Amino acid sequence: MSGSAVAKSGVSRWFSRGPWEAGAMTLIGGGIIMLVQPWSIDLYGYSFVTILAGTIGYVIVSHFPE
Amino acid sequence: MADVILRNITKRFGTVEAVRELSLAINDGEFLVLLGPSGAGKTTTLRLITGLETPDAGSVMIDGRDVTHDPPGSRDIAFVFQQYSLYPHLTVYDNLAFPLRSPARRVPGPVIRKRVEQTAELLHIASKLNNRATRLSGGEMQRVAIGRALVRDPSIYLMDEPLSSLDAKLRSELRIELKRIQLELGATILYVTHDQVEAMTMASRIGVIKDGQLLQLGTPREIYESPSSSYVASRLGTPQINFLPARLLSDVAVPPETETVGIRTEHLKVGARNGGRMVGRVHRVEHLGEQNHVHLDYKGEMLVTLADPHQQPLEAGQEVELHLVHPLYFDRAGQRIPAVIH
Amino acid sequence: MAWLFVAPTIALLLAINIFPLVWMIRLSFTSLNLSMSYLPLRFVGLDNFTDILTDEDVWFRLQTTAQFVIWSVALQVVIGYGLALLINRQFRGHSFWTTIILLPMMLSPAVVGNFWTLLLQPQIGPFNYVISLFTGVPPSSFSMTGQVSLAPWTIVLVDTWMWAPYVMLICLAGLRSIPDYIYEAAEVDRASAWRQFWSITLPMTVPFLMLAVLFRAIENFKMFDMVNLLTSGGPGSTTELVSITLKRAAFEKWRTGYSSALAIILFVTVFGAANIYVKALNKVKQR
Amino acid sequence: MTAALAKSTAHSIVEASPRSKAVAGSLVILYAVITILPLLWIVATAFKSQSDAIAYPPKVIFEPTLEGYVNLFTVRTRQTPDFIAKLPPPETWYDKLVRQRDMVIAGPSKVVPRFVNSLIIGFGSTFLAVFLGTLAAYAFSRFRIPLADDLLFFILSTRMMPPVAVAIPIYLMYRQLNLTDTRLGMILLYTAVNVSLAVWLLKGFIDEIPREYEEAALVDGYTRLQALRKVVLPQAVTGIAATAIFCLIFSWNEYAFAVLLTSGEAQTMPPFIPFIIGEGGQDWPAVAAATTLFVVPIVLFTVLLRKHLLRGITFGAVRK
Amino acid sequence: MRTFNWLRSSAATAVLGAALLGIFGGGEAAAQSKQLTLCWAAWDPANALVELGKDFTKQSGIEMKYEFVPWTSYADRFLNELNSHGKLCDLIIGDSQWIGGAAENKWYVKLNDFFDKEKISMDDFVPATVVGYSQWPKNSPNYWALPAMADAVGWTYRKDWFSRPEIQSAFKAKYGRDLVPPKTYDELKQIAEFFQGREIDGKKVYGAYIFTERGSEGITMGVTNVLYNYGFSYDNPKKSYQMQSFVNSADAVRGLEFYKQLYKCCTAPGMTNAYMQEGLDAFKSGQVAMQMNWFAFFPGLYKDPNVGGDKIGFFVNPAGPNGHFTQLGGQGISVVATSDRKDDALAYIKWFAQPAVQQKWWQLGGYSALKAVVDAPDFPKSAAFAPQFLESMGIVKDFWAEPSYAQLLLDMQKRVHDYVVADKGTAQQALDLLVKDWTKVFKEQGKQVASQ
Amino acid sequence: MAQIRVENLRKSFDQFTAVQGSNFTIDDGTFFAMLGPSGCGKTTTLRMIAGLELPTEGKILLDGEDVTFRRAAARDIAFVFQLFALYPHMNVADNIGFPLKCQGMGRREVRERVQETTRLLRIEHLLSSKTSTLSGGDRQRVALGRAMVRRPKAFLMDEPLGALDAEFRHLMCGELRDLHDRIGATTVYVTHDQLEAMSMADRIAVMNKGRVEQIGSPQEVYDRPASMFVADFIGSPPMNFLRFEGGLRSGDRAIAFYDTSIAIREIREDRATAPLALGIRPEHIRFADAAPVRGEVFGAEYLGTTQIVTVDTAHGRVAARLPSNASVRIGETVGLEFHSERLALFDASSGLAIRTANEGSACHG
């Protein structure tokens, strides 16, 4: 048990949920802002990809351990 | 009534081992209490016997029959839950009749009536039969909850801290009551609690459980007087047993290997200074009415002992002489070393 | 056993939500136009997506939608929070008046939106006359739904009328979730009323406010019924929210492939926002 | 303990002073009055004649008439006075009312079938959603389901989807299955939308019923299903009722799906009401009458539901 | 906690279950007797058709059911219905522009064989209506509908106001000519300006009412009335789909600018999203002096107790600098291809085509397209608006009737409304963008679009 | 540090009177416990002293100053709530520093004071933790810290240990008392747990139904309860009551109990024949075969050092505390002998104690 626990803590340092989730959420939020901002049509053009990446990222990342 | 035997039961929740290699035999007509702090695996053990959980390893035998994988309904067990065992949408009568009306049992109507009424009589709640379950006082509710187990005649009654939600007064009343009923019915009861007073006062045998393991099994007196380990010793007795590192008692003879000395209040006598070597200072005196708790400072360790409030008033700061009378000795691992000295 | 209980629900959702969604994803790569379904089905790759994501008109519609969302949610939060603070003072009869305030929220937005066109009609509707009564501006000198400068505010106004009670209700729950003893503690700690609001009331209601804001933002982002009946996007395209654009593309122009692509863009946006919403939901739930 | 505490703080220093209560009260009442004015105008318009309803300037004081309601429930044709004079005398008060306007009742309008549709689709989808929702919620509440959080999120997210977007593939699918403009189609669709609310709400309600209750029943020899029926459901009745009403409110008020997927057979009230046409223009008194009749049940529910309102609109996150 | 007992809730379950079962019963029970459903817009002529249809029921024993929806959602609703292969309508009186799509998608039953069999000749109908309502492709002998309701845009005015001496003299003093119904759009604008804001009978009134509706087809139907007369055409008469410099020609731009001027100067405030019913409301409540609207409503208006009779007058859509046209309205009646009762539906059309029925149709308030009715010598005298109707039907022009008409229409709605009502851009820009939009639509459809 | 005086304090909620006419003085530096069952008015009294509730009648003096109608914020007291009342959105340091910030104290000074306080409470390591992650005991320490940090005149505590579990509660009792000994501030402590009150307080006021029944030191209150209520409420198991009817004359040293006589301290009161109750603490009972009061053993509860034996007598059930090595058989008949110097006598109808020798200073509320 202790062996696996050590291994896990090594992995979980990289895959702990908090910061990743925050990142994915920022991506989603940023994408939505890109989608509706009135300044640059280029940003608008990349908004969908951003939201999609954020959303898919979130779905994956939310399965990381707490 | 029948024997219940647990063999090497193990139950894991995720990575947590709630019960580890636990074996236990409950004899017919016995009131066995499992005592342990919350999270020790007591409730899980009960639920494993009931069939509400399935063990990862080991087996459960009731009356010689292996029921490890039987559904709860077919195990002939009655269970009293800590709380919430009454159906708020039913009357007291219907609550009591509920177990008998179960499709697995098919008890005829008149028999149900008779049994419910008998049980209500036994528990002194006959006058409340037509009340809504929610309209009862706490004590009455708990009686009905126990009654729901008693209407049946199961192999064993399992009780999960049934008194813990009641206030102290009611609890002490029902404690006596429950013990009386058990004796009257000759019932086998496995009772789970974290309250040492309940365990000591009701049990014919106590099993002390910690981290899913059974540490000691014995009569209350056995466990109180000859605990197998310092942990078990600390579970029983108020005020709690004092522990002193053996090295502080350099001039008192202790068995070899002794790491810690366990001193219950009755092992510690306090007297005026009279040339003895063990001298402590009174730190504080608690007045609890029938007794005073005297907190003593002995070489930086705090010890508690009892004093009669009506004799030799002790004051904070006073220096007193300490005498040990048959204390308990524990080794490095906390296991008790049987005393052979004196 | 567990699966037996969940299966019918999941099956229904698969049939009604997921299967069609997958179908729609397929369609979004085609040139299908339902009103010309005799034309051969052509796969056009990402053309529909690039079309949408380079189209200024759609971009403007999304901006309009965002402005509608921002202003209506902001207004609802201000009014809703204010009302909640007032109602939380528990004056006599507060529960009756609260119920009155809640009414608009329960009504069908479509049915009510339709009726608002009468209320806002400059000559025969009462709204302009009431405004005129308080400001002296002649009633038929302005048109709430017809003027470019007013129409966006009109949909914000009607939406606020309907949904400020929602924000109010949630804020009220937030306020009531703060136990009295916290304020008593603050009182003993000698906090002024102003400090109590900023240091205790506001921070402790923020999760609830978040919930309300996110929910309203998602709802208003996909707003269709009320606005469709109230202004149908006009004048010009001043109040044309993106879901009206989508409805026109899908059910009036029948550009199924194109509108599927637009629908997927909205889907993903809402789905992303829903993730954040559920996080907020769980946060409030844990309290 | 907390109850006693709450009680003892009734006169606490935390309570607002009478003056601030009075100020708060008047502001709230002012807002409430402004808020219901449009609704009162709707109710009033329902009792106006058609010309009063579109009077320029609008009329606050008018002679009440039931014309709006008569128009709502009938189809009328305009006739010459000579023709009307030749008819046998009117049999009912509404015949008379119509003839005063040089018209003859040609038959019943579609409002009753549409209302019936609203009832059938509303109640049908509600029943199904609550039924499926109860099962699923029970499972989510009591069993360890792998990926339960994801499933719950998936279930909820289906409700967050823009209806117009959902309608596109549904439209295509229903066209293939001959489900467009059928009550079954609408019931299935609304059930799918409602079931998410039902699962979330009911899970909350069932979570609150301690599982000991069923376990006690299991120990007593009942099966899971029997325990669910005899122990859990009776205790969840209020929750189920509240859930049902929220589902009903959704399907009652729903417009986007209804307008895109129904036209006749299965059309509900929301897309129908704006289609109530008089001679040329929208028949405002009849529209108002329909709106009133349509809205009254919801208003009643709102009053009855106050207790559960919050829970319902936050997917069970906030209880009170 | 208030608890229900289980018995009661199971009773409720039973009731709900029963209701659920009812869903499948209801529809079929009604289908027992013979009946037809006719779909059309909800307006005055529809009511007349209900009256007329009673004769058909009497003759054939077939019940008639009707599904009428308001104009603003008429196209959405029925195109949706046709598209979803719904069975709501057996007969449909579909808008003239739908004919292309309906024919291509086979939504309608082709009527050539039926006409041949029943000896119904299209030559008996007013030519403009045959082209407009029945043929696809246009000007080819392929018939998909029987002209049912002839219609065009016309104008009503307040004859009582026009004839008041004080108003007449005030007008003459200002403009140096008599106050009579306008012959040209410039005159119309003058008159409208004259009435705009004037106090009559204690009420402030407005000059003209024109179409501005955004959602369906309103503003397009209004704008084209002016555009045609200023020299707009949809494409190069010699080269199909070549729209550049026809749709956005200088003349067309001037026409659009004129429409906007008219909107700005002479309409009531709030008429920003107004189509037929708003016009009727405005006219009936005495707000406007002149109203643009479809002939279909004129019988109803004429009968109106407040503004009808002597108080109302009618005139033909005024001419412009480059021509005199008016927007075609009206519809043909078709049989829906997915109907289960096509034979009965055809029987209805056969009955409807009879001259006697057509005659009665006109008397009840419908507009017949049968020559026998409209060319009858006493026709002009048969109604106050009959002469104007006859004249209008001679100068009608229609919007695109392409299968992609809905896209074309919605694009024009947007561009024109953006310019006229929402003050976005210039007329030139609006029409340029329209050409761009339309080009895209045709290209998507695979049509060759020449740019010059 | 302050003295608190309460004069004629009354509080009514609509029909219900929570506190009726209390009078007492709490001396500077005293640990004063108000003890009583729930609903007895102890919390209301405390809240009135704090200024969280306004009295219907009466006066509250803080260091001789009338503060009866002053806001809580103006009283310079600290209040520790039963449910801790920590601000859940602030961390430990912010919670403790909040009262200082409200006073407008500089950021640096606040930090120093907070650190000083947490050091005293041994929770320095928790400074930046969220309060929701703390254990019950640590929360209680933070709540105490927030009360202490301002150095108020008095601490008012409303069942501060009520939300902790039993084992831990006892530990915290000691800690609280130690803290009081160190700071020496006047403390008013409300509890329903007699053990807490007994083990910590210098003086105890026992309250019942809005009335103070007795005020005295813990031992006084235990040994000489002023009423049957107090006698029953304090002690576990509680005092046994044997009811009988009889008359009393001042100077008697025995009472006629049914057909026997029981020795008792000298009675200092005359009474006509009336229902009386003899109060015996369980530890003052011995088994003696010859004793006249007899009963059948109903049950024995083993407690380690001692055991509680319940005996059914003709006059009611009696609990006796005996050494655990005394052998007792259930069902056997035993005689009960009472420690005559420790018996109490009550008027059974009013519940008030009857004066006996060495009555001392126990006063009636």
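We call the chains A, B, C, D, E and F, going by the order they appear; numbering starts again at 1 in every chain.
Operating definition for what follows: a residue touches a chain if its C-beta (ideal position, glycine included) is under 8 Å from a C-beta of that chain, and two chains touch if they have at least 3 such contacts.
Just so you know, these numbers come straight off a predicted model, no measurement behind them.
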item	value
Chain hops separating chain C from chain A, counting only touching neighbours	1
Mutual neighbours - chains that touch chain B and chain E alike	D
C-D compared against B-F, more contacting pairs	C-D
Whole-Å separation of chain centres (CA-atom averages), chain D against chain F	57
Approximate Å spacing (C-alpha centroids) for the pair chain A, chain B	50
Geometric centre distance via CA averages, chain F-chain E, whole Å	90
Multi-partner residues of chain D (at least 2 other chains)	5, 9, 12-14, 54-56, 171, 234-235, 259-260, 274, 282
Chain E: positions in contact with at least two other chains	1, 3, 5, 80, 83, 281, 285, 287
Set of chain B residues in contact with two or more other chains	88-89
Footprint of chain C on chain D - complex, ascending	5-6, 9, 12-16, 20-22, 24-25, 27-29, 31-32, 35-39, 41-42, 45, 53-58, 60, 132-133, 135-136, 138-140, 142-145, 151, 153-158, 160-173, 188-189, 191-192, 195-196, 199, 224, 249, 252-256, 259-260, 269-271, 273-274, 282, 284, 287-288, 291, 294-295, 298-299, 301-303, 306, 309-310, 313-318, 320
Residues of chain C that touch chain E when the two form their complex	31, 33-39, 121-124, 140-143, 145-148, 231-238, 248, 251-255
Chain D contact footprint on chain C (complex, rising order)	1-6, 8-10, 12-13, 15-17, 19-21, 23-24, 27, 79, 83, 85-87, 89-95, 97-112, 114-116, 118-119, 123-126, 129-130, 139, 161, 165-166, 169-170, 173, 176, 180-181, 183-184, 187, 208, 211, 215, 218, 221-222, 224-225, 229, 243, 246-247, 250-251, 256, 259-260, 262-264, 266-267, 270-271, 273-275, 277-278, 281-282, 284-285
Contacting residues of chain D [partner chain B, same complex]	210, 212-213, 215-223, 226, 231, 234-235
Contact footprint of chain A on chain C as seen in their complex	49, 53-54, 56, 59, 62-63, 65-66, 265, 268-269, 271-273, 275-276, 279
